[in-house]
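Here's the structure we're looking at; comments come further down.
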C-alpha cells in the first residue's frame, strides 16, 4: 500500500508512520517528493490490509492511503488466463457457446411455466429460469409459489431436457433449492448478504451471482470471493443493471461490465437484459448488444401472455418475440466468433 | 392509478384498456385530452396494483402507468400526525429527547469496548452500539467476535446502565441476538433482505432499519412496512449515507431524508454520521447538522484508539472528540427545541 | 396534467384547485377516489405547463402534480415514424449506413493528425474528428491549438476527402468554427449551456449534441429542442457515457439510450465508446455492442502513438486497432441489417 | 505520481517505464513488491501530469497510475489556514457573520421583486438574489426578463441598501451584468463552461460558483481554479444539491461538502437549500442544518406568492416563512459560534 503524508507532516510524523509499518513487519519505502512524502509498504497480507489502511488514515498527518493489490484473489484474472467454464449439469457456461437461459419471471402456475418453457426450449434455450421465491419491494406484492414453484420448474425442465436456475433468498433454504435447481441465483439485493454467500459457498451447485444495484465491479468480485473461498468454485457473474439517476429505464444496464470483468477475472459473465432495462421494447436491442460485447450467457424473461403476468409483465418478451430474437442473435454471435 | 394511452392509440385500444379495468372491478374514469387519452382507475387494492400496472404497461398502446397512492400504509404519515415514540427498554426514541447511541464500530475486546462505552456513557450516551457480527466487503477482513461480542456488549451495558443496539445479519440468529440486545440493527446491505425483515418482524424488539446504499426513501419505507406488517411496530429508521458519484466521502449523507421521512411517515429517524461520511474530520460537523435538521437520534462510532481499531478507525471519534461533540450539540438541540 | 390532492385535502381545497385550473382556461376532470382526489387538466400549453405545475405543487393541500405530455415536440418521435437522415455535406447520418467518425482526441500537430486521419480514412471513416478547443477539467492541462487546429483539420480532411466534426465551446466562435467544420460538436459539459445551444440553433451546420454527464434522456431531448426551435433541424444525438458510482470505467456508457431514443425521438443517435469507457481495452468490445444495439454512427478516438498523446492517450485506439476494429464491425453491422 | 505495473510486467517493461520517467526529467523511485512493482515519480509539474499519467496508462504493462498531488493550487487549503473573506461591496462572506442572500427565484416584475426584497431585507438579508437570465431545461419555459430584470434588481437593492447577486449565463454579457450586480453567479449547468469561467476570471466582481449537478468536489475546486488563475481572487463556492437516484427530492443537498471544502480549500462555502431540495417543506429544516454544519452563507428563494410564481414556486418560501426561519436560525448560529 501507498501512504501519502499530509503536506504539513513533520519529520517526526513521517518517522512515526515508517515505524508503524516496520513494527507490523512490512517493507518501508519512503519517497521524499518536493510537496509530499509518500511511503510504500510491501508485504502487507490481504487479511490485514483494510485494517492497517484505516489505521494510518485515522492519523491527522496522513492525507490518504491507497491500495495497490486488488482485494480479491480467487476471483482474479491472475488465477487463469482463460475464462473458466462452469458446468451446469452438462450445460457449459463460459465457453464458445453462449448459454441461453430463459423462462418466466415468476412461476405462476404449471400451465404458464410450461407454455413459456416449451417456447424457450424450442427457440434454443437450455436453462429454464423462473422465480419460486421472489424478492418484492412491496410486502403487498406476490411473493412466489415457494416449494410448489420449485417442483413445477423441476418437472417441466426434466420433461423438456432443460436445466433449472432459480433464486434462493432465505439461507435456510439453500439445501432445499439445491434439490430442485441446477444453478442457484443470488439476487442483486442479496449480493452483500454475506451469510447467504457463505451458505452457497458450502455447496457445489453453480451460483449465478447478480451484481448489486449499486455495487462497484470490485465489490461484486469480492462477493464472488466469499463464495469461492467457501469452497464452491462454480460462480457465474450476472450483470442486471445498476441504479443511476436515469428514470426512463428501470436500471442502467452496464454492458461495459463484460469486458471489464474479462480483464479482472476469470469468471464467466452473463447479461440479464430484462431486469436491466425493465422495458420489453429495449430488451431485444440490448440482448443483441450483449452478444456483441462478449457475454457468456443471457438470461431473459419470457411470458406467454405478458399482460396477464403476476410480475414484471412490462419487461417480459412474448414467446414469439423470443423465438425471433434468438434467430436474430445467431448471426451476431457468429460475427464475434461464438455460437448460440 | 392513472393510465396514459400512447399518442397513436385507437378508439378500440382505449376501449380495451377501459374494459380491462372494468373487468378487474375498478372504477374507470377516462379523460380525453387533445393529444392523449388518460384513464383513471379507482379502487385498486395495494396487493394488485403492481401487477395491474405492469400488465397495462406491457400493452403497446399504453405509454405509461402512474401510481397515485403510496406503496406503504402502516409506515405512512397518515397513520399518525405525530412521530411515534419507540421504547427501547426505557429509552424513548422519537420524543423530544434526542437519543444518543455510541460505541465502537466493532467489539474487538472487553477492554476496548469498556473504554469506549464508559466514555460514551459519561458524555451522555444511553444506548451502546457495537458490532458483534460485521458485514465486511472483503472476506479477508475481520468478521466480528460473534456471540462473545454479544456477551461483552450485554455485560458492559448492564454495568453502565445502558441499552444495547447491535446488528443481526443472519436470520437464524435473530432470537439469539434478541437475548443480548435491546434493539436489533438491520444493516444497509440487508435492507432488502426480505427474509431477514420477516424474521425481525416476528419479534417485538425494536429494529433500527438502516437505509440501503441505493434505496429511495419510498423503498426504505416499504422495507419498514415488511417489519410492521409482520407484527413488530417498533421500527426506527436510520439514514447512513447513500452511494453517489462523489469519492471524497465514503457515502453522501442525505440529511434531507429527515424532513422527508417526517412528511411521509410517523416513524422516528436517526442519523449515522460515521458511516455517512467515513471521515472523522467530517463527523463532528455533520452530527451538528443532524441535530439541527431534526433527527430523533444519533448513532456514532467512538474508539479509544482509532489508529488501533480493527475496523473503520478512520471514521471513529476518539473518546475526547465525543465528549466535546456532545457538549457542542447541547445548545444546537436547545435551539431547535430539543434536548440531548 | 394530473393533480393529486393530499389525503387530508378538504372539499374547499379541492374546489380551489379546480377553480384555478378553470380560471387558467383549461379542462377540469376530477376523479374522486376512496383515498385521494385526482384532478386532470386538459389543454395546458407547453409554455405554461412548468409554471402551473409548480404553482399547484406549492399548495399545501396538493401532494403531487404529474405531467402527461413529453416536454419536447420537434425532437419527438411523433414528428416522424422514421429516423431523420442528417446530411453532413454528403455523408448521411441516420440511414442504413453507420457513419464512422474517427480521428485524434485532440489536434496536436499536422503530422499527428495526418497520420491518424489517413489510417482512419483507409479503414473506412468518412468524418474526421479532432479537438481544436478542448474542455479540460484542469486549467493546467492542454487546451487545444485553437484556430490553428481548425485549419489543420480542414486541410487534412480536404486532402483525404473527409468531413470534419469538431467541438465548439465558446459561443462567440460558432461562426468561425462553421467556416472550417462540417459538423459542430456540443460537448457533454455544455449540453445545458443554453446560450450556446441558441447560437448553434441559428446556423444550418449539423450539430452533434453530446449527452450531459448527468442528463436524463428527457433533458437531452429538451436540449436538442433548443437547437431545433432555433431553426437548425440538423441535430444528431451522441451518447458518451453517464456519471455513476462505478470507478473502474471513466463513465458508464448507456447503450440502452439508443433504443430509448429510438422510441422517443426521430433524431439519429451516435455512440462515443472512447469517452464512454475511458479505457482502450474496453473500447473495442463496446463499439461492437454499439453497432449491434442499433447506433446510427460511431465516433472514436484514434492516435498513432497513444503513449505520446497530449490528451486521453489511455482511451485512444492505435491506427492498427482501429483498422482491425472496423473489419470486425462489418459482419455485426450486416447481422443487424446495416452496413458500415 | 505512482505507477502500478501490471502483475505480468517483465523486467524490460519495468525498465521502459523507469526510462520514460527519467527521460521526462523526473525522479524515479521503484518499489519492488512481491506481487507488483510500483514506481514513484517526483517533480512532475501540474501542467504535464494529466498527459504523462495518460501516457503511462496507455501502456499494456501498466495497471494503474495514481496522482499524489491535488489538481488545484490557488484554491487549495495550503494557500491559507483560514477561510478567505470575500468582500461583496461591503458585505463580507467567509467571516464570522453568516451571509444571508435571499430574494425571488426569478425577477418577474418590479412589484414582485420589491415585495420579496423588502421582506428579505427586514428579516436580515443583506444580499438580494434574483434571476434575470434563467437557465431553463425547457425552451418553452420563461427565460427571464434580461436587462430589464437587472435594472429592477439594482434599483430595488439600492433603495433597500442591499447588494445584488444574479446569474450570468452568456459570456458576452459578463460586463453588462457586472454593471448591475455586486456578485456574479455561475450556475450549476455552467460549472464546466470553461470559456465562461475564463471571462468571469477577468473581472474582479466576486463570483458565486455553484457546484455542478454531477461534479465531484475536486472538479468543483478545479473550476474555481480556472477563475482564480484568470486573476479574479473573489470566488465563493455554493453547494446546491447533486444528482442522485433519489426522486423524492429534486436534488440531494450534500451538506458534507461544507466540512469537506473546509479541509481542502480556503474559499468560503454557501448553501442553497431551495435548489438543493426543490420542496418548500424541506427548505426550513435543511437551512438550519446548513448553519449548524458551518456554511458561510445561505442563498434562499423567497416569493411573496409562491403559487403565482413563474418559476420554482414549489421550492420558494413565503415572506412569512423566511422571517420565521431567520428568527429560528439565530440561536443555531450562536450555538456554533457564528452570527447571522
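As written, the chains take the letters A, B, C and D, and residue 1 is the first residue of each chain.
Here is the rule we go by: contacts are C-beta pairs under 8 Å (C-beta built on N, C-alpha and C of every residue); 3 or more make two chains touch, one makes a residue touch a chain.
No experiment lies behind these values; they were computed from the predicted model shown.
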item: Neighbouring chains shared between subunit A and subunit D, ordered by label; value: B, C
item: Most distant chain from subunit D by Cα centroid; value: A
item: Separation of subunit A from subunit B, taking each centre as the mean of its C-alpha atoms, in whole Å; value: 25
item: Centroid distance [mean C-alpha coordinates] between subunit C and subunit A, Å; value: 30
item: Where subunit B touches two or more other chains, by residue; value: 214, 243-245, 247
item: Sites on subunit C touched by subunit D in the complex; value: 46-47, 49-51, 54-59, 71-72, 135-143, 169-172, 189-190, 192-196, 213-214, 219, 222, 225-226, 229, 243, 280, 306-314, 316
item: Residues of subunit D touching subunit A in the complex; value: 2, 4, 7, 27, 29, 31-36, 38, 40, 42-43, 66, 68-69, 78, 243-245, 247
item: Residue numbers on subunit C that touch subunit A, as the complex places them; value: 214, 216-218, 242, 244-249, 252-256, 258-260, 262-264, 276-277, 281-282, 284-286, 288-294, 328, 331-332, 334-336
